[in-house]
Amino acid sequence: MSIQMAASGLSMNEPLLWERGRSGRCGVDFPEDDVPDRMLPDDVAASTVPDIPALSEIDVVRHYTRLSTWNFGVDTGMYPLGSCTMKYNPKTNERQAGLGGFANVHPLVPESGCQGVLRLMYELEQDLCEITGMDAASLQPAAGAHGELAGMLILHAWLSQRGETRHKIIIPDTAHGTNPASAALCGFRPVAVASGPSGILQAETVRNVMDEDTAGIMITNPNTLGLFEAELPEICRIVHEKGGLVYADGANMNALMGIVSMGCIGVDVIHLNLHKTFSTPHGGGGPGAGPVLVKRFLEPFLPVPRVIQREEGGFGLSDAYPLSIGRMVGFYGHFLVCVRAYSYIRSLGAEGLRQASRLAVLNANYIRSTLKDVYHLPFDTPCLHECVFSDRKLLPYKVGTIDVAKRLMDYGFHPPTIYFPLVVPGSIMIEPTETESLEELDRFVEAMRTIAEEAERNPDMVHAAPCRTRVTRLDEVEAARRPCLAG
Amino acid sequence: MSIQMAASGLSMNEPLLWERGRSGRCGVDFPEDDVPDRMLPDDVAASTVPDIPALSEIDVVRHYTRLSTWNFGVDTGMYPLGSCTMKYNPKTNERQAGLGGFANVHPLVPESGCQGVLRLMYELEQDLCEITGMDAASLQPAAGAHGELAGMLILHAWLSQRGETRHKIIIPDTAHGTNPASAALCGFRPVAVASGPSGILQAETVRNVMDEDTAGIMITNPNTLGLFEAELPEICRIVHEKGGLVYADGANMNALMGIVSMGCIGVDVIHLNLHKTFSTPHGGGGPGAGPVLVKRFLEPFLPVPRVIQREEGGFGLSDAYPLSIGRMVGFYGHFLVCVRAYSYIRSLGAEGLRQASRLAVLNANYIRSTLKDVYHLPFDTPCLHECVFSDRKLLPYKVGTIDVAKRLMDYGFHPPTIYFPLVVPGSIMIEPTETESLEELDRFVEAMRTIAEEAERNPDMVHAAPCRTRVTRLDEVEAARRPCLAG
Amino acid sequence: MRYFPHTEEDIRRMLETIGVESLDALFSGVPPDCRSSGSMNLPDPLCEWELDRKMDEMAGQNAAVPNLTLLLGAGRYHHHIPSIVPALANRSEFLTAYTPYQPEISQGTLQAIYEYQTLAARLMGMDVVTASHYDGATALAESLLMAVRKTGKSTVVVSRAIHPHFRQVIQTYLKPTGFVVVEAGFTDEGTTDLTGIDWTDAAALAVQSPNFFGCVEPLSRHADAAHGTGALLVASFTEALSLGILKNPGSQGADIVAGEGQSFGLPMGFGGPGLGMLGARQDLVRTLPGRLIGKTRDRNGNPGFVLTLATREQHIRREKATSNICSNNGHCALTAAIYLATLGAEGLVRMARTNHNKAAYLAEKLQEIGMPLVFSAPFFNEFVVQAPPRFEAVRRTLMEKGILAGLSIQTHYPELDNPYLFCATETVSRAEIDRFLAEVKP
Amino acid sequence: MRYFPHTEEDIRRMLETIGVESLDALFSGVPPDCRSSGSMNLPDPLCEWELDRKMDEMAGQNAAVPNLTLLLGAGRYHHHIPSIVPALANRSEFLTAYTPYQPEISQGTLQAIYEYQTLAARLMGMDVVTASHYDGATALAESLLMAVRKTGKSTVVVSRAIHPHFRQVIQTYLKPTGFVVVEAGFTDEGTTDLTGIDWTDAAALAVQSPNFFGCVEPLSRHADAAHGTGALLVASFTEALSLGILKNPGSQGADIVAGEGQSFGLPMGFGGPGLGMLGARQDLVRTLPGRLIGKTRDRNGNPGFVLTLATREQHIRREKATSNICSNNGHCALTAAIYLATLGAEGLVRMARTNHNKAAYLAEKLQEIGMPLVFSAPFFNEFVVQAPPRFEAVRRTLMEKGILAGLSIQTHYPELDNPYLFCATETVSRAEIDRFLAEVKP
């Protein structure tokens, strides 16, 4: 076996913040007061000082520097978390988002004072329309799930405007949990439908459930098995015929840029995850951005305010959309995330984005091809941006997906997404993205093959993993049983 | 023993850069050519492509991110490297030095285009004069040793101008190696003198060697034992009487800001280390900055060009100093390092700088007091910014300074300076600086005490240290015997 | 393209391994009628220095602090961000990680967010705070849904003194499911007026303090009123810094607190991303939307942290989840924690007090030149004055002089007389305020 | 003060442990007559946001790219710095470490600098390159001292086509010890003229290529001339990027190469810090000044890196050391390595060629409008033209239009007729060049 385990090295200890604090310290200095002191009345002023630990500047720096070293990011190594598109987050995007002329603009500055901001938003909307084949967009939704909610609200508003109330929505069993949850927020009852034997949804299945009480379908394309929903055009026809709309979860758009125009194949509403496809960093849990895009006939329903081009030139914000679903966030969405996505799109151009998709698919298929002899591949067809294995072949040795995941850490890799999608028991969902090199893929494949061997020959070693990390497996059951959520 | 060892955690492997490279990759994109291609003639153009590894952007990012995690910096933990003043390097300094209006200024821009730069340099010179009690300064020297060289050149030029040639210079045995080396570059032969029984140089000793062939004395104050050269005023008188000059190595100025005015006690020339006293980061080996400061009568000898205030207002650069030692660097010194030092001085002000010195001395004495029962303290007097122990008490167990140093790493500390100053065999030179907290000092003391116990009870464990780091002790002898200096 | 590591040779070898002819052949699963015909119509790609130039130019078209003197808040506040805050938050191990699903290699994020939850809970006087929400407005909207779920009632009483945008978001969230929003007016003091409110079926009363007018609400009284009818009190805020010196909402009886944390170290960024801070009393934990991080131990008994109580969440419960939220604003929560750690208790109090003093100074001086305060309740760093008719014209000219002062809130509150909402923070000096005053003095 | 972690209580406890009464009492070793009387006269301290404002203001008083179109080099070059370069170099583990005296916890710096040494050696055609020197000028001066030490001779021949500042630094270093500097002139082609040179006791011939005029020197010929007399050839450069397409100095016979590496990812920074790149043939290793990093193994046989050959250095050899240098410009070397890794072979060649093309275009166009090239030798990205008398006046007005073009080198070379040194790099677009040309066209 040529694959080398990661090394173990010095890892600094670090207590909880409040164990470090010491009254009398402060990490900020103040100028001399230049205005008189004015006390707040006793009935509103706190009588005690808030219980926030006091640290000097260097304490804060060391605390967070040390914590950071306990983390693994894309910059650390390959992060093939399926459905998350953990591609490289370009540093130049950070530079652009950090420009004072973007970061330090107040959202209520008069239009004349934010023309650059508005232009960027306007152009980004246009770009995203071009990439998806949709007609109009809003950058307001704050994440993917929020984009879904916006989409569902649009469906709801469109139905209302037609005087209709529908109660159901079709959602395939491969869908991300956010899909049914978003639908439910709008009062739609999800109707789960099973994908067919080849992992995609069959038009027939939809035909059987689509009716006049169904608002439409929420479908992820490519789906979470990494497969293209090849019957989508037909599905769209079926749904449309019954007066429903087609919502596409576009979180996996990284497979299809410049390859498939979602608008052309019948999708009415779609959201994108800028923090996946468009390279903005995930930040250990967000902020992302989940723009929602629609066909022309749904444009009146988009969230307000909208960015508009003024006839007299320049850009503006407008609330004048009476059919709008309303406002989704306090201001206009995660603008600074949008700056990063814009920076990414401008850096790649049309050909670059298309190539990103092609290489993402190449990488996923390479992994599929090189691992399928040792890991069970439930759907052995060419995949798009990700491939889904299962732990079936390891079960005889009592080694499961969780063990494979933990053992990968010892080899210096972030584990794939595990136990999702739910349709594959013990699924191992690998999305390498286009920014991984062949050598890195080969090392990953080698690690996966080694683990499969270890599972057979020395399962205890795999059960004991990870052994290189500063903590071993954590007791999640105990954490949930007796929640300790604050110190 | 309450002290906990550092943990061991995942440490990514990373090959040499050229083992990562793969022809066809490139981490930079180019625009379309907008001018015609013009070939260079064959006799000057290389016929082959340079042998530089080719990487994509993410490869470069991972390579250096991973390497960085193999390092220990002040942000990682306490770094009590004696004589190096490894205090906290404020992040705000980095912000200021990164401003486009400083970083992106060409050095040959006309005066009207660099007034901010020149003002900063001028004010910094003034500040440093105020801090040292000197009259004039040059920011040109690129590091401490370079400041020493500038100082020696000034001595040389001053003597020459008086028509004198002197061949010797007095240098105490506690001096940093750069002192004799700098003197030698100017043709001065160092005359080593021993410090007295209490660790400081006695005036008597100087009186005995100072003569008309001696250019003066180079003296570090506080010296490298962390002691104030209390007889310096008398020494200055002796040297001056014999027509010599007094050069002070001010690298340890962190002990004395606002406490002692070097100018007032008779020093003629001094250099400062901005990368020590004034908090600029050391960067794993520089760049630093070593401004040289002089009394008024030596001002004509300072390096050119000098920053001057123009009579008509504004600032300029002037070469009009015929007695100058000339130019020390390509342009005007490490300007961006000067920006950081300026930012530091402006943040602290007079009282802040004085407090920095007082707390630095407090910290060093705290360590001295709390360790002297277990480590041999050759000079048991109150110290200034640092204290020097030796391994004498450990030698019976065959444990030496090097072992203590390596074992400290396992406890999460950077080792102190070892085997310097040379006058103390097996010296352990600890300079905590003012930015370490009492808790951190206590932990360090605890680690040192633990190691002393380990030395007695389990010396093999100490000899085997470090055990937490990703590499163990490296073979320096082999490295020097068969040098491999390029891959 | 510098982001792609694939050499021609790599691609050839990989295709061979996979057993297809070309990159295009990889898309055999995409039916021909689904393929795009032409190529996308996007501007040509820019190399990095062209991009820098373009972005510099676009950024240069906006009026931004510090070139602008800002006397305006209304949901986004210009506070100084200590340089260590972004420097630490942007360490790539934090920035380029995903949600910490794999705790063994995510302890950095996990401990940091656990600490955030703790600090935020202390500040808000809550037992539990989530790992973050998108922003204050969505946090507030979701907390009303929480109240509805918890109480089984379907009306919410919402103060008109809540930020108008927040109220709009509440509408967006509540409308499709038919929950009723009853609006409560405000008194002459500038705080929520509950007289005459119909509390039938009321799940919650939502107020903001300091409210949109900058006035501090009498939360205890509101709590009594709400609790008396079986409704929960949901307290919101847009200016988190006020938590540094005001009595915390929990101590005054709030059941849920949902506000905006942008003031804690986040740039204004044209309004986003911000930080939705959402906390609740212990008994509401299992109805909270979004992620929670909890403390536990590893196999060796060492302490560590994990995402927990996932059974509330969409990836387990799907349509029965407490919310659809998945990615939140975790990095903003990390940033807020770093900010709070930097200030510490003393710094936070001093910072808050400085804000109040600057605003009080501005208010006094405006009063002197004929712009009286509209409301009499105590305020933190924002307040409403009645401006003379000619003020709008002056205000416009001030923009050219680099001053953005006050916001007309007339359209939102037609019953007031030319009302302007002002704000002053620690970053504005007395000299700047005086310069502004000199410009507007009649 | 936020940098001091000491509380009052801490100080009290520590003083007690030490056994002194007060902080001042710690200075008992300082005789009273050495104590400062008053306090230092320095401006009042600024809090961070005041400091930001002050520094913004001072920075704003300078003409900086990209607001300035720069057609000027002469030792500092405006090249694009990829955003990853500072982002990586400024990782605090790199930035806040000292010189890697303790290799077990400094492998990051050590491997990175070892890689720098390797890449630099390959580019310069040398066997060994030091871990860095202060800048090109001091590296050159020290390399002449090396030659003197190695050969035992005491004269150096220095080309007048070397950057005037570099020559001044050579003077500074060589004057006190009485080594003689003989200057060599230049030919009509613009390269060093060795005719008539007195080689008696010559330790080295120093030339720069591309030289100060931008012209590429015939290094092979110079090597033959020097070697023929027993002198070493020392080749310098100020524009490191030229190494991307020119024959490397080592392959042409240079014994020592000493130049400036600022072009490799370092900002111009008003001239510093830069990067002194200093390399030599294998047999000169032990006379090299400064730090060297070498490969070795740890006790488990794993590869690792250490500072090595320290017996050349001041901390071991003191006055007999090969130099007094201690701290060097290590972080700049790290930066250069990251820059080179980012470009790679192909990027470096393309970058160099783009520079040459831009400069060639500028030269051709200047020629067309009556500013002929002064020299005929091939140039890289700089060249000298003869300007009409009125040019200086035009050039001044251009500064107001945001263009800094050309440098008069008349004072350094009085024998030339109104000579201006121009430069163009990849960052300047044809449109910008054309705008400049339109301004100066007669």
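Letters A, B, C and D mark the chains in the order given here, with residues in each chain numbered from 1 onward.
Following the convention adopted for this analysis, contacts are C-beta pairs under 8 Å (C-beta built on N, C-alpha and C of every residue); 3 or more make two chains touch, one makes a residue touch a chain.
Model, not experiment: these values are computed from the prediction.
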State the smallest step count from chain B to chain D, taking one step as a move to a touching chain. 1
The pair out of A-D and A-C sharing more C-beta contacts is A-C
Could you work out how far the Cα centre of chain B sits from that of chain C, in whole Å? 45
Note: chain C sits from chain A at a C-alpha centroid distance in Å of 20
Whole-Å distance, chain A centre to chain B centre, using C-alpha means? 47
Contacts with two or more other chains, residues of chain C listed in rising order: 1, 3-5, 10, 45-46, 48, 52, 56, 66, 82-84, 87, 92, 105, 426
So which stretches of chain B touch two or more other chains? 10, 22-30, 55-59, 61, 65, 69-70, 72, 74-76, 88, 90-92, 94-95, 347, 409, 435, 437, 466, 469-470
Residues of chain A touching chain D in their complex? 10, 22-31, 55-59, 61, 65, 90-92, 94-95
State the interface residues of chain A toward chain B in the complex, per the touch definition above. 4, 6-13, 20, 22, 29, 56-59, 61-62, 65-66, 69-70, 72, 74-77, 88, 90-91, 347, 409-410, 412, 435, 437, 439, 466, 468-470
Enumerate the contact residues on chain D facing chain C in the complex. 48-49, 52-53, 56, 66, 80, 82-83, 426-427
Using the touch definition from the top, list the residues of chain C that touch chain B in their complex. 1-5, 7-10, 45-48, 50, 82-84, 87, 92, 105
